[in-house]
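Naming follows writing order (A, B and C), and every chain is counted from residue 1.
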Amino acid sequence: MKWLIAPALLAAVAAPWLADPYTTATLARILVLGLVAASVALLTGVAGLPTLGQTAPFAAGAYAAAHSSSVGVVQLLTAACVGAAFAALTTPLVVYARGVVVLMITLAIGELAVTAASRWRSVTGGTDGLAGMASPRPLWGLPVLDTDRARYLYALAVVGIVLCVVVLLLRGPAGMYLRGCRDDEARMRASGHPVNAYLAIAYIAAGAIAGLAGSLLVTTQQYLSPADFGFDIAALLLLGVVIGGAGSVVGAIAGTAVVLAARDWLSGLLPGRGPLLLGALFIVAAYALPRLRFRLRSAVT
Amino acid sequence: MDRVDPYLIPALDGVAYGLLLFVVASGLVLSFGVAGILNLAHGTLYAIGAYVAATLSDGSWLALLLALAAGVGAATAGGAALSGMLAAVPRGDHLTQALLTFGVALAGGSLLVMAFGAENLPVRVPATVDRPVDLAGHAYAGYRLVFIVVAAALALALHAVVNRTRAGMLVRAAVDDPDMVACLGVSPARVRLGVLAASGALAGTAGVLGAPIIGPGPSTAATVLLLSLVVVVLGGLGSVGGTLLAALAVGEIQTLGVALAPTAAPFLLFAAMAAVLAARSHGLIRRWSPA
Amino acid sequence: MRGLLEVDALTRRYGSLVALDRIDLRIGEGERHAVIGPNGAGKTTLLDLVAGVSRPNGGRIRFAGRDVTRLGPARRARLGVGRIHQRPAVWPSLSTLDNIAVAGARHRGGYRRTLPEARKLLSSLAIPDVTAARLSHGQRRQLEIAMALAGRPRLLLLDEPAAGLSAVEFSQLSAVLSELPRTVTVLLVEHRLDLVYALADRVTVLRDGQYVATGTPDEIRASSTVQSAYAARQPEAVI
């Protein structure tokens, strides 16, 4: 798999010069959702907490960014902090549960966050959404990101940096502790590891990543509505993560790109029948994946 | 009295809403607690019942009975079909189960919109109860009163089934210890079929009877799924009483809560979930975790 | 005598079944103490309670002079209680070396500082450094012992370590256990009485959750109460 990374990176950097602005903007959104998917993979695949609720800190981060500074770094940090704070608040709901109960609770959290977003008009603009956010400048003194290409490259750089940090951390002890919790948490406890504390940290870190992705969503899309954080997005992310080989955060981005591309292709194929075909895609994937996943899992570790 | 008065109607609506959620959520508790399946298509089964009610109802009792038979039958068949689709997914593979049932919900919702249109459909209730009833000086929809009575009877019946019958005893035992069913020599495929069909029947019943309250439309399935999930999270899997209490609480938050503080309702649901889960984090939730 | 582990009137019920009924136990520093008894005697329940995996309905557990009755398993492990499970518990997706290092990390100031000791422990085993999922049952057993030792336990709880081992693996196991330094106190639950008699300084016999006897291996072997305890229970052995 490793030999794929260099050409993929090259293609990602070259893409905005090869594609038209519309495609570039689409690619930027894929990157953003890919980063959220990476946070889903961190929880689902590495820590063993399957989640449908990462859209909630994603939304919290996005709305925070929309109301924050026009300097990219400040916006990113604000969004990450708000995402982490949201996760910290909901930690007691999640870390004591396991397996399918987590799936259920996180789904409820994500859906409630969307409902809250559509009601809290003064901050979110309700179902009409928020528009007209100014393009940020990445740092003080740098030019404003006023083209699709610039915004794409900004998103690419941020996603790249965050991913590198996450992958490096997961290769070290932190990743081993989390995989230990996923593999056999009783054994972790028998070795003196505070399992719930580790899971809480992972959950809050995943919230920070999703929040940060929210800031990138504001930058690349310049428009926010509750539909950006709906249940269908959460399910798409989960499918992307499963396709990418649940334990791999880089695979999660690739998987999400595949799923989003398939979604757009399907809805273009038969206008108005998009959801039906997408539903069929989920069903097919559910049947085809266990075999595929088995192959991928042996390839990843 | 004057300060309570304006909230009497929303409060009563909350009871109707809560009892409706109770019937739907009982189905979810059943499939979740006994078969360990998070059925994301549960709201779609409700929507099937509601659409059947909207199509067949013409203001007569006969039509309502017909709708009840057809709607419950369709939703039960839907549950059974889901069970068949889930046969190929290994027990305990929650991710695949979730993806599969979500796919069914998405495709099913889209098919329902294709068949019935993208509008919210009106539902006609039997003419004899389609008029306001005087309640302490307020006019209240007659059908809702009837619904409250019927749903309360359903809740009592469920309570009796779970606590007094052999099937109910099996259900309680299986919720306590998921491996127990396997030990009894009952085939897991049959348990799954029975559980999903029964849970479909509950969703269908709620859909037909509740259609005048949460009517059929493109967003029905998602709304019903979310609210019944919150009920399950709040009420746990332990008892019919817990589910009922949670359902009534969510019903009141959605009606009385919205009337009192329109923007705060979703946050109230959050707060209720947080409070309940924090309180039980060390005791009860362990019983939830399959491992 | 002040013991390293002092168990007073420990009781555990599952519904109406009394799995352990007011059991007292004193284990001195450095002692090898075995608990034997027929199936359903409450041996694994006792280990679970001492490890903190389950909570007693009554009674007290003191470890190293401290009341640990209310502490969870991770806290007790950090105080020095190590454990080998009946079914070897390892982390299948981690490598053999990482299994040992992660197991010792909380006792040695982190994963990286544990690595040298983990390498030493691994080289003393005849196990390759592969993903633990590929190890055989016997290899996992050896690995789990190394994992427990990496945690520098003061008390090592062994839950039927000989279960499922081949003859060769069994003799390897008894060699490893008899070479444990006396700084490690051992509480052993085992069905193989040859291992018990070879290793233990003292033996406690339980039956149906009740205390039957404690003594040296010789005393226990000679005791008629013990013989009858086994004989009476065997034909209807359940649970």
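By our rule, a residue touches a chain if its C-beta (ideal position, glycine included) is under 8 Å from a C-beta of that chain, and two chains touch if they have at least 3 such contacts.
Since we're looking at a predicted model, the values are computed, not measured.
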Leading chain pair when contacts are tallied as C-beta pairs: A-B
Most widely separated chain from chain C, with each centre as the mean of CA atoms: B
Chain nearest the overall Cα centroid: A
Gap in Å, rounded to a whole number, between the CA centres of chain C and chain A: 44
Euclidean distance of C-alpha centroids - chain B vs chain C, Å: 48
Chain centre separation in whole Å, for chain B relative to chain A (CA means): 31
Residue list for chain C, restricted to those that touch at least two other chains: none
Per-residue multi-chain contacts in chain A, two or more chains: none
For chain B, residues that touch 2 or more chains besides their own: none
Residues of chain B touching chain A in the complex: 32, 36-38, 40, 85, 88-90, 93-100, 102-111, 114, 222, 226, 229-230, 232-233, 262-263, 265-267, 269-270, 273-274, 277-278, 281-282, 285-286, 288-291
Sites on chain C touched by chain A in the complex: 51, 53, 72-75, 77-78, 82-83, 85, 89-94, 98, 101-107, 110-112, 131, 147, 151
Touching residues on chain A, where the partner in the complex is chain C: 172-173, 176-177, 179-180, 182-184, 186-195, 247, 301
Residues of chain A touching chain B in the complex: 44, 50, 52, 89-90, 92-93, 96-101, 103-105, 107-109, 111-112, 115-116, 119-121, 231-232, 235, 238-239, 242, 246, 273, 275-276, 278-287, 289-290
